Amino acid sequence: MRKFLSNLVASQNFPFYVTAFLFVLLFAIGSVTFTGFFSLQVFLNLFIDNAPLIIVTVGITFTILSGFSGIDLSVGAVVSLSCMTLAVLMRDTTINPYVCMLIVLLIGIVVGLVNGALITYFRLQPFIVTLGTMFLCRGITAILSRDSVAIVNQEYSELAFTSFEFSDYFISLGAVIALFMVLTATVILRYTSFGRGVYAIGGNEQSARLMGLKVDSIRIKVYVISGFCAALGGITYSWIMLSGYTLHGLGMEMEAIASSVIGGTQLMGGVGFMPGTLLGVMIQGTILTIISFQGTLSAWWTKIVVGVLLCLFIVMQAIVTSHKSKLMNLNAEDSASKDR
Amino acid sequence: MSDCEDYILQMRHIDMFFPAVKALKDVSFNLKKGEIISLMGENGAGKSTLVKVLTGVYHKTNGEIIFDGNKIEPTTPLASQKMGISTVYQEVNLCANLSVAENIYIGREPRNSIGGIDWPTMQKNASKLLFDSLGIDIDVTKELNFYPVAMQQMIAIARAIDTKCKILILDEPTSSLSDAETQRLFKIMRSLKEQGISIIFISHFLEQIYTICDRITILRDGSYIGEYEIENLPKIELISKMMGKEVKDGEIESDVEKSKPRANNYIETSHVTVPGKVKDLTLDIKEGEVVGFAGLLGSGRSEIAETLFGTMLKSSGDIYVEGVKVSIKSPMDMMKHKVAFCPEDRKVQGIIGDLSVRENIILALQAKMGMFSHISRARQNKLADYYIDLLRIKVSDREQLIKNLSGGNQQKVIIARWLATQPSLLILDEPTRGIDVGTKTEIENLAVTLAKEKGMSVVFISGEMGEMVRTCSRVMVIRDHVKVTELNDDEISTAHIMQAIAGDYHGKSV
Amino acid sequence: MVNLFRSFFKSSLALPLMALFVLLMFNAFFVDDFFKIEVMENGNLYGRPVDILYRASSLIILSLGMTFVIATGGIDISVGAVVAISSATCCVLLGGDISGIPAHPFFVAILCSLGVGILAGIWNGTLVAKFKIQAMVATLILMTAGRGIAQLMTDGQIITVYYKPFAYIGGNIPGVMLPTAMLIAIVMVALVIFIDRKTSIGLMIQSVGINATAARYAGIKVTAVLFAVYIFSGFCAGCAGLIEGSLIRAADANNAGLNMEMDAILAVTLGGTLMVGGRYYIGGTIIGAITIQTLTTTMYAVGVSSDRLPAVKAIVILMIIVIQSEKFKQMYQDFKAKRLNHDAHKEAENA
């Protein structure tokens, strides 16, 4: 039993199990406490309400995995810029909404490219660079318009309200896209050279270079993916808000980082599991749902609870890491005594 | 050149300039197919520069490199790796967070029918490769950091073999391996040799070089000294060629007279235990005595030192300094009892790379005095200059960053750091590892002199038995975290220590 | 003279000073009466330079704390949230009574908000030093939860304080020429410089930042050093919280100190301290903070609105960090070498 537990803690998927357990636990607490909580629709709503955050978190997880203190602080600002660009384009021009979305995605890619290029070419700290592009994107959003701009476009609104119904339940297009992104990212990370390369450069960049991986190109791609995800997150965000505003997506980068950490990603890079980060977002969503069901609690309780959860997970990671190194020592002793 | 075909690699008339310094002067290096060659020289002789020219880290100024019959210009480590020149460094260059299988195959993973990574095949291939070529049977799905450094090195070698390397450069591979692990590595090296792979083996352990190598190439001060068959070059001659001076026959065995211990104990321990590290240790160290801790790597010799210094905390037992029982919660407690400790891993535990030599020297003294009794700049300068002079540390000036010094000089700075605290017990853990022979002798002599002249107690820990034979007046033998025996005065010899470690010799006194 | 010039350009202060200089020159040309300082009727000094220093005060204070944290190789992204908590503490303790009578004595409120800052520092320090959690993650916790806590304290309301002396911190104490915030900043800077010069804590901090393991083996109490820098950073945030709260005479849990952690980190990096830890530059940090505030003031002066300001700020930041980077320096060297070569070639041709 002890051995089983010890191996479980040391296994690569342990943080994922904990996240999954926590999610089930929170959902169970909600279900027991409130009538009407335990339903498929409440569960689906978690995806529907958090689709933008899920997509953004997928992107930011790539950057964290890639190491070199990888992080992308610009995502929230890109979300805001995306919404605003869509709103302004559809207000002032007659460009087809789909083309508008393509333009927005392109903007996201360009921001990612700028981040990646500055980080890899000049070897600058991701934290500072993406902080810069965060300010830049927020500023540009404000230059486009200081006030909230509503999106009034028949075709776009229809797209925004698209949902898939089955029996009594429904799920929005945004949520489907979010799930698709998580799935794609999981497959990419597991089954492509690029994906394994992301883990490798996050684990030990110098070794990865010596083993023949194109470190710089991988890192630039990672930031491009993050930019792309942020823009896509922005589009799904605009489907919910149907407006562009400078304060959209404020602090989203921190929510995304928190989700990623709760989902088991280690901020040092090289360790993390994409479905875990999905659960990280869902845990935050469940807390919000519980608070809204409860009715009297204020929204800032979410922040506090998420803070506590973050704390829990981070301490857990610290414990797991020390447990692993202990195991490794034991292992070394074992093999040493076998040698003699 | 009729024997041209025999050579897999010929480096001819290599010159290499650093800004303002000529690092290699007309150096030649030849490597035959399927031989193990050692590149020898003191620190700064140009060994690593030459290897780096070959692997494309540095670029030569003049000369030519002929590899496998073709002239090559290595540009990057990766490019030379692709040509078949692989290097396994002392610090393993793999990704600790990935599985063993991935570490072997990353960048060239087997694919399944739809183009994704074929994990089952990759794992099967990795197991097979490790078992067939190295005789290792481990779970390849586990992360690399699950295994000890020795195993990681084997995995790195497996990767090199699988990339069809023709030349394998092993840079100080044995310095963190136990004897058993080293033997295993040698077995693998021999079988690689039979497969026709040429190996460049760089090591500071003379014994090992004489065990495994066919030939030796010697460099000194960036110049080529010569190539020798191992049978034709006695050790003593090798050393004199490396140092560029004649060495008297006996000098390498023992030169300075050993220190005579005084009557009273400086430090004693009774039944000290650190879980998993030190078992029931009882020892005493006298004033003016040089005590050696002998044992294999991982035997607990460094752990005992760390327990005496307070970086590792005992769970039971007592420690007495000058007969008074002391309680230890941190290194500071022992520093206050005049204990000093030069740790084993110079780079990680010793130097503060981006600080100047001066700051590195005064650091421990400053820490001991507390942050509020600031040592004035004038006194710092005086202290630094004094020790630079005393230990003959080669620096451009005291404000030079320590990371830019050679290993030997870094070690001297660390010793200076501790001498500045006026210790009564100085623990030197592997003070000569990776250091050239000249500096090595200097440090050995220093240990003896300090004990003799200042009555300092010195603990000398080394993996090289010869060193301990030369310096120690008493040797404690440690095996499996237990002090098994002590050797005194005349009993101390390489053979006795080895036998004691192996458990065949129990000493006269026991 | 040339040597002096050269050593100036090689010094760590060159870049931040030059950036500040360029900004000031810009102002001198485009903003009327930029450097004019007057004495107001009530005896206070008035003018743009004073205004910049005054508004930079809380940022300078925050950045001082941040400098030490970054020097140990850490980061403290919770300071903005701590500013919010600290200002909320003070305002809640003083109470929003319209009569201007404080609920608790003023000094109690001040001590408590500073204490809250220190408490936050202890929390961060515990996580980083004791539990060995990465600084960014550890302080992320308080950054996330901090504003929630501040909102909990104010019950989600904006508490306006009518107690007069509270305004003195953010404004002027009657009869004193300089704004109080500036005085506090000056005192803090003096304190830090004194500590830096007269104790060896700087050496300890740098050692920990460069190689914590080796520092431990040299007898430095790494845990204590880490604790100290995070507590100091918390204390600085507490101070800044008082100033920020007093400026608007209210506790605004949502907006007090918003993004200030980012500005503080920027000020430190602009000042030449590297994010990986090690050597730090107090002077650089102060100039960095002033540069950021000058930029803000300048932009207002030429009519850029507050929400568009980030764009300009971003471009300046990106430019400066690129110029600071090793790669850029190398590129510049190569460029110079090429030019020299080219010139030599030409001369040879002419001859």
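When the chains are written out, they are named A, B and C in that same order, and each has its own residue count from 1.
What we mean here is this: contacts are C-beta pairs under 8 Å (C-beta built on N, C-alpha and C of every residue); 3 or more make two chains touch, one makes a residue touch a chain.
A quick note: this is a predicted structure, and the numbers were derived from the prediction, not measured.
By number of C-beta pairs in contact, A-B leads when B-C and A-B are compared. Taking the mean Cα position of each chain as its centre, B sits at the greatest distance from chain A. Averaged C-alpha coordinates put the centre of chain A at 30 Å from the centre of chain C.
For the pair chain A and chain B, the distance between mean C-alpha positions equals 44 Å.
Looking at the complex, you find that chain B touches chain A at residues 77-78, 81-82, 92-98, 102-103, 106-109, 116-117, 143, 145-148, 151, 159, 178, 180-181, 184, 276, 298, 480. Taken in their complex, chain B has these residues touching chain C: 311, 330-332, 335, 341, 343, 348-355, 359, 363-364, 366-368, 371-372, 374-375, 417.
For chain C in complex with chain A, the touching residues are 75, 127, 131-134, 136-138, 140-149, 151-152, 156, 253, 262, 265-266, 269, 275-276, 305, 307-315, 317-318, 321-322, 325-328. Taken in their complex, chain A has these residues touching chain B: 10, 12, 187, 190-193, 196-197, 199-200, 202-204, 206-213, 270-271, 324, 327-329, 331-333, 335-337, 339-340. Contact residues on chain C toward chain B in their complex (touch as defined above): 198-201, 203-204, 206-207, 210-211, 213-221, 278-279.
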